[in-house]
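Each of the next two complexes has chain A plus one other chain: chain B in the first, chain C in the second.
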Partner chain A sequence: MLVTERERLREEITALADRHGRQRSALIPILQEIQRGHLQISDYAMQVVADLLDIHPVEVFSVVSFYSFLDEKPKGRFIIRLCRTISCDMAGKAAVARQLENDLGIGFGETTPCGRFTLEWANCIGMCDQGPALLVNDQVHARVTPEKVHEILAACRRVFGIYAQEQKEEHAV
Partner chain B sequence: MNEPIVNLATFAAMSPDAGLRAALQKSRADIIGEISASGIKGRGGAGFPVGVKWNLCAATRGTQKYVVCNADEGEPGTFKDRAILRAHANLVFEGMTIGAFAVGAREGILYLRAEYTYLRPELEAVLAKRRAAKFLGENVCGKQGFNFDIRIQLGAGAYVCGEETALIESLEGHRGEPRNRPPFPVDTGFLGRPTVVNNVETLAWVACILQKGGAWFKTTGTDKSTGLKILSISGDCARPGVYEFPFGVTVAKLLETVGAPDAKAVQIGGASGHCLPSSEFGRAIAYEDAATGGSIIVFGQQRDMLEVAANFLEFFVEESCGQCTPCRIGNARLREGVELLSEGRCSMRYLQELCALGETMQAASKCGLGQSSPNAFLSIVKHFKDEIMGRVSVASH
Partner chain C sequence: MAENNRKLDDDTSRAPVSQRGHTVARVADTADIGALVSVNIDGQDVKVPMGTTILEAARRIGVRIPTLCWHEDLCIAGVCRVCVVEIEGQRTLQASCAYPITAPLKVKTHTRKVRQARRHIIDLMLSEHYGECYSCARNNNCQLQALAQEYGVDFFRFGHPAAPRHEMDLSSHSVLRDMNKCVLCRRCVRTCIDLQEVGVLEAVGRGDQTRIATFMDKPLKDVICINCGQCINRCPTGALRANDPTDEVWAAIDDPNKHVIIQTAPAPRAAIGECFDLEPGHALTFEMNTALRLCGFDKVFDTNFSADLTIIEEGTELILRLYKALVEQDKSVALPQFTSCSPGWVKYLEHFYPEYIPNVSSAKSPQQMFGAVIKTYYAKLSGIDPKDIVTVALMPCSAKKFECNRPEMCDSGFKDIDYGLTTRELAKMIREAGVDLPRMPKSDFDDPFGTATGSGVIFGATGGVMEAALRTVIEIVTGLKVENVFANADITPVRGFDGVRVVEIKVPQSGPVPAMFKHLVKDWKWLEGATLKVAIAHGTANAKKVMENIKSGGELAQCHFIEFMGCPGGCLGGGGQPIPTSPEIRAARARAIYSEDQAYAVRKSHENPAVLKLYKEFLTDGPCGHLSHKLLHTHYTPRGKYIA
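The block that comes next holds the complex of A and B.
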């Protein structure tokens, strides 16, 4: 990471600590904002948070590694989390999973090389009466079908501009 | 089929903040007396009497106390808290405010699971309106000296954080690892201060009780399980959704309502709950019989019950916090056992060993997750031996 980038990250995290406070209970809210803005919590970010909150970096790492919505490795711009718990399973989650893999060209637990999409399993997301259900970042989609998978991905791709729309993710590096 | 079914008729019939206004006219002891008279027990799963919990917290010294609303709703098959927060967030915040007045707390925290981040903007808007209308802030509703506000904190994706001591660890900025109990949160909770943790639905009912009275609440339900219960029903049925039923309702009646005339089995209480075969559909939903925090999952005739057990065990292997051995190792062993069973390679003797392991986990795990994780497996083995033993004989020829 460039020195200027590091400085910028440190400034940003300092501002977060000023807003949330430097007590231990501010740790997770601070980490959540870093995750949202940077799609990961890098080693350097963990070090800065540890300095500001006056705790050991290992403490920060142990928290990051515990929670499934916090990650030290970079995630895609869109994280797709498909529910694999029983009600969605019975409602046909397997076909949706296969279509997601086909359209993204990656498996579960992977991120497209272009960094746009991460595909993950989720445990019950509280939409069991309307399964199969998935989350795209914070947004929930219910009664997803293989056909709808295409629409959901197309809506995400639109964010990257019209040229990106038809490209297959693995070719978009 | 397209509009989700949400029946929360009783909540919808309440007058806004009438319960809070009534509470502020009473002494703290009288409020807790009313709650105790209603007989209400916690709706989050454990079923602890709310009046007893509040009394313990009210009796502690000091002014730094907390009321926490548990909106971590992670039990597979549960979605009623989401529905309540969507439609009746005011009632939940009203219940928290009543709780704060009764136990002497100044700060409330809604712990919202990360998967429900999309609810946050609308919940913040409800809180802002309540502040503007003086239902939160200094001198709530003009009550001199009663200062209370609520903030929302998001979870970060961990089922175990629904367990109240893990939730508190998470609020404090730690890994969500359950604590030993005692001490209980009512005396050593958030930041070591007395803390009341209640489920979303529990707090909504509290507001209703203060409005309508403990006696009103008791007119429905059974002796040991008073009042109505909000259930989330999903799986193989024509009309899945959120329903309100009096405690004591039979499983058969639920199935009739949601349109599942030919169910093979019903999972009561989510992945941590028990699986009932059709011969037990006469049983009642109640703390003293078929207990549930709100999850009801229906299985049709075509379902393979071993796949159900495998799905639940996969869940627990993933969600175990790993702190104690019976849960960390036990769930992985049970899952392997289910694989053997489904391949028809599990001897009866090994199946018995697996059941003994399940019983050890129930007895020796540190928290409710490990203690209840074998339930589904054990009840499926118990009630669906034919399905399971059949495969054993397949392997032996």
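The block that comes next holds the complex of A and C.
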């Protein structure tokens, strides 16, 4: 990381720490904001957080590693989390999963080489009565069918601009 | 009170009885806190203060409950569940180490349900533990092994790893980690974060993926580890151990061309008996000399010699700093001066308070001073080429292994100290040599450094360096005998196990300047009537308290001299000492050290004849002179809190 980038990150985290308070209990809110802004919590960011809250970097690492929604390595711009628990499974999760893998060309736990999509399993997200359910970042999609997967992904791709819309996630770089 | 609780619950709870909050966890009236509560354990009644855990209450009446994650020095975790017991009226078993008694209870500690649960818990731990007991450093001193034996584990109900699944971390000079043997008790985590405030290890991941890891899974040499080894002393299995150089030491002994010298520090001598089934608190100093010669060491020297040398160098440095600050009014002088003998503390400071490096005495630790003296002065005296000399240091310490491998520690032109051995490793060597240490006849240390003083001995206990320094400083400055100032020359205010101790000592008068210091100061008039303020801290968590106080300009910033020891209890609680450790064991070792001090004829560093001879014959430009600066002093590396 460049020195200036580090400085900028440090300033940003210092502002967060001042806003949430420099105590242990502010750890998760700070980490969530960093995650939202940078789609990851880098090891440097963890050390800055630890320094500001007067705890140890490994404690921050421990918390980041505990929560599925905090990542120490960068993931895709859109993280798709498909519920794998029993209700969604019975409602047809398997077909949705196959469709997602097929459309994105990656398996679960992987990120597309272009860095746009990450596909993950999630445990129950509380939509048991409307399964199969998935999350795109923090947006919930219920009663997903393989057809709906196209729409969901198309909507995501639209964010990247008009030309990206029809493009399949190509893997040859 | 119990009825009171039940009533509360009946009124408010909608939950079925089996799921209701357990009434015993609530205190009806806060005024009851600290009051006595009676508890029945296995049919025996006992009254204990409210808040006592079931485990403590059981120990009080001699009921043994097995534990694993519990440790006297650490906070309660309640994670291993080995100590579960049955409480009458409760559906589930409770971890007795983490259950404070707040109402009368009836506890059963070894019902069928309890025994079965414990056995399952042990089986589950074994299913994750790659147990290669014969080749394990902790064979026969392993809590998991002992538990498996106690509960008669004769097969692996939940399987057993047939091969190691994790790579070992052998990167550190001091501490090796083998996560194949980890049972996730988190004692190392609590040691590192709570006891030592260093924060190397923490539980990472979740559920069955949980593991103990360093920051970003980096090797131990790359993270902020101070090598204190306290985690080794508290690990119940062999997951953490010291980097053991005994093979290299044996190779040197077996090589006829090598002249192998061992120096022994006072703390291991006070503790090594524990490795030979003696009660803590038996010093085996002179028995060990015989044993070491039987092992094949060519010379056995006493680290106390260089401890005395350290006192002279460090004391002189302090006097020079005070002179500059008080007489010459030099504002740039860094005060208080910090001691530098504990390599764990030194690395802690380099990482967490690098801006205070100028405050640390530039004097090397006794171990390193001795190395430099052996490979120069002794080599010349005995006519042995220093390249054929192998210096081994017996230390209570795992950080000493790192210290002797510091690149700057080669002032003699060679590696000043070749190998650092811990107490445990030497015990192993002595056993390997077929020597029954406690039965050895006594013999003295070798010349030319033979005679030691009591001041060197007490270096092994927290407050010892300060006491040794004060004995010398008081005498040379005031011209009085220490015995006339403190009864029997025991400066008791600096002793004890309080985390931070502050002592003020008035300089009542000034005496003549001894010849050794004539070239440095003209007289002591400037110290007359002054109050010397000193502090002592042991364990880096206490060191942190002191440093934060100094940083914020608190009371301790006014000190002149502060002794820091990296480990709780000082060297006698070091990371290379016999396992287990506890406050009682450390207190017993301290008693052994202080009684050894009493037995010495010479008890003050500046009266050590060997040290005086060294200054006369070799370091002729005196303490803190040119040659002593070259050989006996060092510099430090600002490391900082951030790692790449």
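Here are a few things to note about the model shown:
By our rule, the second predicted complex is superposed on the first by the 170 of 173 C-alpha atoms of A that agree within 3 Å, B and C clash if a C-alpha of one lies under 4 Å from a C-alpha of the other, contacts with A are read in each partner's own complex, and residues count from 1 in each chain.
As a working rule, contacts are C-beta pairs under 8 Å (C-beta built on N, C-alpha and C of every residue); 3 or more make two chains touch, one makes a residue touch a chain.
Bear in mind that the values here come from a model prediction, so they are computed numbers and not experimental data.
Using the contact criterion defined above for the overlaid structures, shared-chain residue A:D138 touches chain B, although it does not reach chain C. Of the two partner chains placed around the shared chain by superposition, neither chain B nor chain C is touched by A:E147. Touch criterion met: A:Q47 reaches chain C, while chain B stays clear of it. Legend: residue contacts after superposition of the two complexes on their common chain; A:S62 is shown touching both chain B and chain C.
Contact comparison for chain A: of chain B and chain C, B touches the greater number of residues. Of the two partner chains, chain C is the only one that A:E72 touches; chain B does not reach it. In the superposition on chain A, chain A positions 62, 66 are in contact with chain B in one complex as well as with chain C in the other. Taken together, the chain C residues at the contact with chain A in this complex read 193, 198-206, 213-216, 223, 641-643.
Taken together, the chain B residues at the contact with chain A in this complex read 4-5, 73-79, 81-82, 113-118, 153-159, 170-176, 191, 232-236, 240-242, 267, 271, 297, 299, 303, 308, 311-312, 314-315, 318-319, 321. Residues of chain A that touch chain C in their complex: 43-44, 46-47, 51, 55-59, 61-62, 65-66, 72.
Looking at the complex, you find that chain A touches chain B at residues 23-29, 31-32, 62-63, 66-70, 84-87, 89-90, 122-131, 135, 138-140, 142.
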